[in-house]
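Next come two complexes built around chain A: one with chain B, the other with chain C.
Moving on, here comes the complex of A and B:
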């Protein structure tokens, strides 16, 4: 098969994919390959001694939550003794924003690509500020995590079953018409999700718990993000492993390295040091407090959302810095490195052109343009949380390494 | 060429390809200039260009 034919096949599989938020289940029951001590994290594989502060903080919180340890020192001991089995969530059809830590007892969103029979999993979104994914693990965070896991999750599960699942692709499509780019701006999509969910919550729950759940999802603002991330991964996984395809099927960061995967190159990661983020800081914080780029949420850009669709979300530039003109230029630039346009995700300000879809490593290397990511900035000190938001470019070294591997793939 | 017909005696508009500092210098002289966002293919890296050329045959 020629490269262009392979890329066409890859994009067809992605385009025809669905994303149905179908369930919420404990990770140990659904995520493949979860052992009793598995700790999944965002980005490409990373060792304990390489992990950044927020990722270590998240792992400390997760181990306390699981009852494996009661303080940071005990967790460090477990990690250094090799008693925690770290792995990239991507190796388990799972995904998570920022540190993205998933341990066996954590309830995860289950999203189904019904066309290709692919299930993907993501943590439940915990809100902004002091949260586990940013490495916070104090009593307040742990209490919230337990409430989400043992009270909110069962309620949402019952509501989802009552609904027969919720079509996330439909919500994303609508939200792109309403000013969201589905990475850093989820105002419309989160409200649409709540609208789809509320009648089922009322049908299955007690009034007080339903009101608390509605209030949480509304105030969390980006609750839908994790479900859309899982859905996007399910679509991109459908396009993975197409021989001779140069399309990128994952971009992910762990705070130490950024990595990409390419359809025609199997499960191999091509990595480079994680860059810093150029952005707007919350009051009291600055670049000296920032952690390098982290999280699996760049799956949004990989499927054509986030910065790739920023032209449709001019309001997001207030949050990440820039101008509406810059949003337009960013989206137009991304067309230069993509092999196709989304048939369903349309962008009103540019005559409903389909979102740029399918980053092609050849085009990235040739043009020198790398995928731009809209992202949050984590504090480098664990436990503080998000301190800003901005833009970062996926390192060129990931693409040159992938191109070299692709060029000599037939020699192996 | 007569002096009065020289293009450089007319108002000029400039498109600059390459180093942005050239455009900045022109801007300082209050001459309209557009900076074109361009760079050589593969950043001029001959090895990468050879790889891309090789893949072009498979395209």
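Moving on, here comes the complex of A and C:
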């Protein structure tokens, strides 16, 4: 099969995929390969001594939540003694924003690609600011995490079962007509999700807990993000492992390195140091406080959302910095490095052209253009949380390394 | 005061206005000047023998709903005998889409401009297709009308009271960042309204009636439209009656004539025959089935929404026909005939420029450009309902007549 044919096949598998938010379950019950002390994290594999501050902060919070430790020093001891089994979420069909920490007792959203029988997992979105994924772990964060895990999650699970699942691909498609790019702007999609869910919440829940759940999902603003991330991964995984395909199936960052995976190159990661983010800071913070790029949320761009669809979400430029013209130029530039256009995700301002889909490592190296990522900025110190949002470019070194590996592979 | 100063004052009063959806009450209890047999209609005043088919159909339905008659012949008798007191809704601080019929027992949304102490009224939005405002009045329509009036309205009233009112201007502002133009596209605003309302519905209602109400508001799609129309009228009325102002404060159509009102020309209507609509038809219908332009919904364009904000709502062009480029051109053209830009309603695709606000009759006559209206198309035969949607231009004759009146007035 030629490379172009392989890429076509890869994109077909991605395009025909679905994403149904079908369940919420404890990670240990559904995520494959979770041992008693597994700690999954965002991005390519990374060792404790390489991990950035906010990722360590998240791990501290997760270990306290699990009851494995009661303070940061004990967690550091566990990590240094090799008592925590760190691994990339991507090796377990899972995914998470920012540090992306998942431990066995955490409830995870289950999203099903019904066409390809792929299940993917992501924790519940916790809100903006001082939250676990940004490395915050004080008592307030812990209390919120427990409420979400032991009260909110069971209610949502019952509502989801009552609904028979919720079609995320349909919501994403609609929200692209409503100014969302589904990475940093989820205003419409979150409202559509709440609208789809609310009748089922009322049907299964007690009045007071339903009111609290609705208030939380509404105010969290991006609650849908983690489910869409899991859904996007489930679609892209359908296009993985296609021999001779040069399409990128994952872009992920752990705050230390950025890594990509390529369909025709199996599960191998091609990494480079994680870049800084050019962005807009919340009051009181600046570039000196910023952590390098972190999180699995670049799965958005990998499926054609985020910066790739930014022309459809001009309002996001106020959040990450930029102009409407810049949003247009960014989307147009991404067509230069992609192999296709999304058949379902359409962009109204450019006459409903399909979102740029399927980054081709050949085109990236040829044009010198790497995927732009819309993303949040974490504070480099643990315990603080998000301090801004902006744009960054995936390092070229990931793509040149992948293309070299691809060339060697071809010569065999 | 110079004309420009008068127009500035007019726009200031409009800009500082608010729109709070504060209550739902029977028309007879709140709408000023409702006698026992008052029948309010959209557009400038029109006599029974001039009324188009769908407006007559709506009146038949309304009279049956009120118990004044039991069939179309009896209603025609009442009308011909002068037993129905027809009047333009605008003469009673009220407004309605399409035929816009309001009779005393109908529950109406109450919207308050808290800055200027103005209350405005509009019936509850009934859904798409075969509905009263399009002239349908069969048993199904009547049953729905009764359910809305006697079950839905009291529940919504209680929820609104529990909420302490809902800020429509805030929702409109947000929805303009989410692809709505608030005339034919209300997808985002309707979801935001539901999100704002749902916790209060749950707090005051029985589970089964709450579920039914949520389902109705969600599926109706444009439920918010009538409340935004009332709110827009309340804002524009704040700018009415400014001596020497050439700003248009109402554009309204009754299916027979289109009329405008101008701030410096009091309550006088300047009318011309209602034009046809250039649009996209639902399957099975064509231009030969179409009624001329009808309804008060052009209040949207008068406040800077609808076609005036179409650049922010490219998805609407699929509904009314056109392209994203056409949406941009339409909005840009409207700046040529407006005196200002909205300080709160911002359009992301043109770098958050304020929506074109305040049609100046001088500019219309000077440029030869009249306000474009995004609108639904009613079937000319009563009882059918909406058959499409499209665009029409307000007749130039309205503006030349108004400008002549303005000139004569100045010479006094």
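Here is the rule we use: the second predicted complex is superposed on the first by the 409 of 412 C-alpha atoms of A that agree within 3 Å, B and C clash if a C-alpha of one lies under 4 Å from a C-alpha of the other, contacts with A are read in each partner's own complex, and residues count from 1 in each chain.
By our rule, a residue touches a chain if its C-beta (ideal position, glycine included) is under 8 Å from a C-beta of that chain, and two chains touch if they have at least 3 such contacts.
Because the structure is a prediction, the values reported are computed rather than measured.
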Practice item. Give one of first, second, both or neither to describe whether A:115 is in contact with chain B, with chain C, with both, or with none. Key: neither
**Study point:** First (chain B), second (chain C), both or neither touched by A:207
**Key:** second
Point to revise | Contacts of A:128 with chain B and chain C, given as first, second, both or neither | key: neither
Review point. In the superposed arrangement, does A:366 touch chain B (first), chain C (second), both or neither?
Key: first
Exercise for review: Answer with first, second, both or neither: which of chain B and chain C does A:244 touch in the superposed model?
Suggested key: first
Practice item. Please name the chain, chain B or chain C, that touches the greater number of residues in chain A. Key: C
Exercise for review: Could you look at A:406 and tell me whether it touches chain B, chain C, both or neither (first, second, both, neither)?
Suggested key: first
Review point. Taking the superposition as given, does A:397 touch the first partner, chain B, the second, chain C, both, or neither?
Key: neither
Check your understanding: Is A:2 contacted by the first partner chain B, the second partner chain C, both or neither?
Key -> first
Point to revise | chain B and chain C contact sites that coincide on chain A, given as residue numbers | key: none
**Study point:** Sites on chain B touched by chain A in the complex
**Key:** 39, 41-43, 48, 51-52, 54-55, 58-59
Exercise for review: Over in the complex, which chain A residues touch chain B? Could you list them?
Suggested key: 2-4, 244, 246, 362, 365-368, 400, 403-404, 406-407
**Study point:** Of all residues in chain C, those that touch chain A in their complex
**Key:** 174, 177-180, 187-188, 191-192, 194-195, 198-199, 202-203, 207, 210-211, 214-215, 218, 314-315, 317-318, 323-325, 348-352
